[in-house]
């Protein structure tokens, strides 16, 4: 099962990287979302997959008879997802601002900070 | 066949059908052609996932999955509203490029 | 009054979610529901002008309840019917679709009534409310079985609109 | 620091004060002379960085004594002179400060007992001389020359640092007293690197070929600085270092060979250049090179004669060179020019200056009974003990003859030649400017007449400090020997050169024109360096984000890929999985593909949404309802934000060429493959779940919660969550600032 | 112990919350300064505790290690926290003079404080995932600070900064998650054991390299430093200063921590990579600086170059080298932040940071000139300033290790640093202003003038002080390096010892 | 957005969202949910409000700047983390008390902090982006 | 007995979901597709939730399922209205 997730994670990563390399800020953002998902999957898979029992205790804190899913990676993932959302939201705002500032989203044409002149 | 076996088969079939319907919904999502078509597909997929959660709650015997369903039902509405607003504005705009 | 009803409903629902109707849960639900409704207090534009209508709901609350139940049962029936009809066309080799947009005139109605009506129409067979006219005089409805537009309108008027009017009368 | 706003000349007092302090220092050093001349070595040391074996240590022995006396004594005269020369300069206070710091650095350098202490002062002389050479900072030339001096000597300094560190490693200590006492390092395996690095440091500082070019350019400094730098200080630092380390590093073929070659080359080359100059100051500057070459040449040797000659000549040179620079400065000050051709007959207007010039020039020319005569005799005597005596003798002869000639040009022409009207009517300079040259001139004469007075200084330096069995004697008259004959030859040759100097100058100028110069070479080197720097900077920092991203991902793929290949972690593949999982994985992937296709942004977003949904389903499938809910919520919210934002954003066009797309696909797949392989490698080992078990057992019992994930979030790892909620808040605040900034306006 | 450790992290967040709520200019500025002062006190208290105990550790929420999140302070951490607090206070004061009303209302001071909180958290945490969280906090704060000024140039810089740092972040997250998957723990002290005990050292090396890449990107090493020179010259000078002082150092710190504590199983491979990286970083950065003509751009490239020195200390992994690396780290924070603050004053006086458009400061603002020379020459490694000792130790360590070429690179970099520092000096200070104007410090009103100059003077004094009295700092760094080289005490303290 | 159907429905939906969000927040410790999810749901509710009636109106209904809500969330979390100090416990250690059979804890306060921070954060974002959208018209 | 009811409901839910998907896929234009989505799709979800409520049988489960169903049927028509309106506008203003 982990193998499937490993493959999926790798392919999602590849798609993300391809998008990030496209030179368009919006597509970079798309890539970022995909990459976050890929990494989340990777972490999830690395935490091992053990059936469908969620890490919830029974009434009175009773441990279920069977093994529960690994709770720790889930907590990490939750944190990571929310942080990822924050970063994404900022990046989106930045994209809008860049569009308003430059009139395009082609990253290679954003040369204000490093203009193409070198030493005078 | 015991009722339990029957339930297991039905659940698995149901889950499979729902997954299939999500996949089919995805085809519409891909094809479009308009924004509204995609939103419709997304909405349909969301409904299917709500169903998925419901059946999964049965399979895992965990009520917790129903919470996903409730949350999803609420939140998917927000996304439909947002996208529909977008679609509405797009429709009133001169260029039709989405 | 509607607000109170909503608030009570929310409190009940909240307590039910906890699976316990203990006083504290109900009270908590009421408080939370109150706060929640407070946030939405400015929604539903024009509420201020419908004072009389507003009062009208109060005394009629219990009389309306059976009508609501009837509406609910009718709605369920229509919903299932609607689903089956659309489902048939979904899998039919040749769907018998006659899509058209129909204008459905409605009498003077409160916003809530229009809202309920429009939504119920959407959930019933073959019709889908697209929009409400700016002057609230008619609904714009999309029907997929509109071989005869007048029949669609008549159907709606005798069915759903009638029952909704019963509730809001 | 004195203020610039005060009346002109108000800061003269700083000049006098500095002169007095220097004098005081000189006296303080002189008071120790008795003991040092008795063979004692005065030591002082404070812990500085003891754990690194570095102390702030000082040592006064014969060698240091001579240098210290020259530095402080001449220093006092220079301050006096400077006060007369430029006391009205608006920034004279700053000037005095820099010069004083320079003097202290120089003093510290020659008194240092610890190699690192020595280096510290060494670098300080570089810094302070940088500020002094660039003192006329309005002139581009001054700035350029200051930088040149700093880079050349600073670069040498860094080599020296490495050399010192190696000496420390080889000798086990940085303490000079200890190093000198422990015998030489000539047989140590690190000897050659040490020698190379130390010589690099010394040669750059002492302007030996091929690092000589900065010294004449240092003339950009005000004349008092030149006088000081060229006579007793800066350039002598390198010579001092060579002398100081002579017992430790000297007496090998490598040492004497390198020093001989560098010294000889420098001396001869400087001679040639000196003749070409028509500016008095420049001509003098080249004779400094000549002298430094000569001293270096004699430090190559290991005989008492050679070393005595080196030390004596060093003293001689310090005395007359300081005096002559001051004289030239006085001429400049009085007439407004330093061009030989524009000067003549100043004797009448400036008699005292003329006297000082005559005395100093006589010493420089090596005329008896000046100290210069003794120095020259010793040079000829010592030349015979050097590795290639014939060549050395010839070289020294040529150098001396040229010094004779230059002395004539500098001293005779302006004062005794035909009177020529200079830009300003000449007048005698003030006492401050006369004291120095006169005193030094007289000193040159006095030491010559009473060579015995100087003898103990030189002897102690040569025998104790340089570890020689005995020093040669300083005589005015050593008999009719070879040196005497060579002296006569020197005078004859010098007179000839002096007479034929115009012809020579033309010939040399014509010859040199064809040769590449070092100074333009420096500019070309610096330009080349800048071009190279710019090239590499542009190569790497292109300003294009897509290049950065490509480079980053290529680095990731390469580093991870190579590591995976080299380290070969165990990888287990188990493809058995439920059809449901395969189905979900399939359409998740399809979603990713949809996200790739350009054209409709909404389609892309929908594709991403599909991926999110698929991933959420996987979370559901494997028992992670909290994660799944959060994932779905976040996906939805992302879609909402996209939906809101999208109207403000332009459509997407694929601008990459198919080839580039293919390349990027290759990079992307490589990165993806690395991720896949790493995950597979990880899951091929069992997971140690003891931490999770702790949570499972403690979740209710100790933390009162049934939802373990939530308990982890708000209790077990609440600290993480605290950071996380901050991130959400900050992201929002940041985005708000980003979107609202323009509308908000206001001054920034 | 846990409070002594937690408070330096939490105090800036409290300050930030108050600053966010206040929003108006004076108020939030003062809150920020007072909060920074409080942080300084807390940092000193932490340092004293560390000096007393060597290593201290505390468990958040009182859950024992390795289950709960550990905060640990050894010499290095405590010193980094203290320096962070110092820089924080200096910049907070400086910012009072420079940060305008709009930026203040948009939350500048709060973002600044959360940045400091994130940095302190990163220095103190003993948990890998917690480190990730603090990285995020400081990253998102830095995003906000970068763009808050609203200049178009800053937006461009931010695009590059944000995109590349996001990649680093995701990589770090991935590495952290995979580390858990491979070892079953996230506690860094526990990881030391787990990594060493893992049956597949090759896999551990792969993960180590992943961290190296993630932290390397943060630390701006060759060839991953693009984002730094692309953005550091674009925001407020106060922002540049705090970025220059602290941000990349967090990356370096993380590199040092992870490659002395966690991944020491294959030093032949990992530290070899680090060595090459260090040399190339030094050279590439300093060459980049030589090609620039903007005050801040030169300084930015120098950050890259000097990161190389610090990584060199780690790569050589000898007591002396690590000591040099630690010393360099501490010295560089002070010096670099100060140089950016000085650049800010220069910009305020001359109206630009383009070296060809400014000048004359030597004559008209001699105090500033002196204040510039101190950190500039310190940066170039001139004795007896702090930078000299840092450079000396690293060169000596290289030569000790028999690596003449490395020592040569380090020295050459030093020489080229002199080149560009003197370039700034010659152009901005010596050369007359192209307009012929003589901008004086006294042209700035007294309050902002001294708000700006006071921190600069104090930081410059520290540079001189460290240079003249290096021994306490060297001793400190030596003990710190010893703790890094032999993490037994660290591990003992976290897993069994005084953890409370 | 100008839709009668939406704005009428929103009245009830917003309330539903908020009630449900509080429910999810409070029960998070024992079942799926918690501050994040609750906060996201509540924020979605206000988003609906904003869509239905416009940002200005939603802001007015909210009364407080969403950034301040978020900041108060941060303060809640800080208090929850710091309140252990006077009681001699470790930072962020759970402090539990029972009032009328209901468990009250610093952990809950912490989760409320998360809840508020998420609401504040997401609303700040949505409102900022919405204002931008309104500009276009 | 409960198992059988649940099973049948599950099958129905899956079936209706598939049918909704087919409708969305096959119907000729967006307005017709919306019929399939907002009715059949919602119905399928509701059936699955009902199955859960029936099978688990606790009050809280039933309430949650009820809440979810309520949300679905409350939101579906509103969403459809907004979307339909937008599609209509597009039909009126945009290219065909």
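Chains: A, B, C, D, E, F and G, in written order; residue numbering restarts at 1 for each.
The rule we apply is simple: contacts are C-beta pairs under 8 Å (C-beta built on N, C-alpha and C of every residue); 3 or more make two chains touch, one makes a residue touch a chain.
Keep in mind that what you see is a predicted model, and the values were worked out from it rather than measured.
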Shared chain contacts [subunit C and subunit G, defined touch]: F
Graph distance between subunit B and subunit G, where chains that touch are linked: 1
Chain whose Cα centroid lies at the greatest distance from that of subunit C: D
Label of the chain whose CA centroid is most distant from the centroid of subunit A: D
Chain pair with more C-beta contacts, F-G versus B-D: B-D
Computed distance of Cα centres, subunit E from subunit B, in Å: 48
Between subunit C and subunit A, distance of the C-alpha-averaged centres to the nearest whole Å: 41
Subunit C-subunit F separation of Cα centroids, rounded to whole Å: 29
In subunit C, residues with contacts to at least two other chains: 13, 17-18, 118-119, 129, 131
Shared-contact residues (touching 2 or more other chains) in subunit D: 530, 534, 537-538, 541, 543, 545, 547, 549, 553, 601, 621, 623, 625-626, 629-630, 633-634, 636-637, 640-641, 644-645, 647-648, 675, 679, 682-683, 687, 689, 691, 695, 706-707, 709, 713, 715-722, 724, 726-728, 730-736, 738-740, 742
For subunit F, residues that touch 2 or more chains besides their own: 1, 3, 5-6, 9, 12-13, 16-17, 20, 30-33, 36-37, 40-41, 44, 47, 67, 71, 74, 78, 81, 91-92, 94, 118, 121, 125, 128-129, 132-133, 136
Chain pairs in mutual contact under the definition given at the outset: A-B, A-D, A-E, A-F, B-D, B-F, B-G, C-F, C-G, D-E, D-F, E-F, F-G
Contact set on subunit F toward subunit B in their complex: 1, 6, 13, 16-17, 20, 24, 31-33, 37, 40-41, 44, 47-48, 51, 133, 136
Residue numbers on subunit E that touch subunit F, as the complex places them: 2-3, 6, 10, 13-14, 16-17, 20-21, 58-62, 107, 110, 500
Subunit A contact footprint on subunit F (complex, rising order): 30-32, 36, 118, 121, 125, 128-129, 132
Touching residues (chain side subunit F, partner subunit G) in the complex: 1, 3, 5-6, 9, 12-13, 16, 20
Subunit A partner contacts - residues on subunit B that touch it in the complex: 56, 59-60, 62, 64
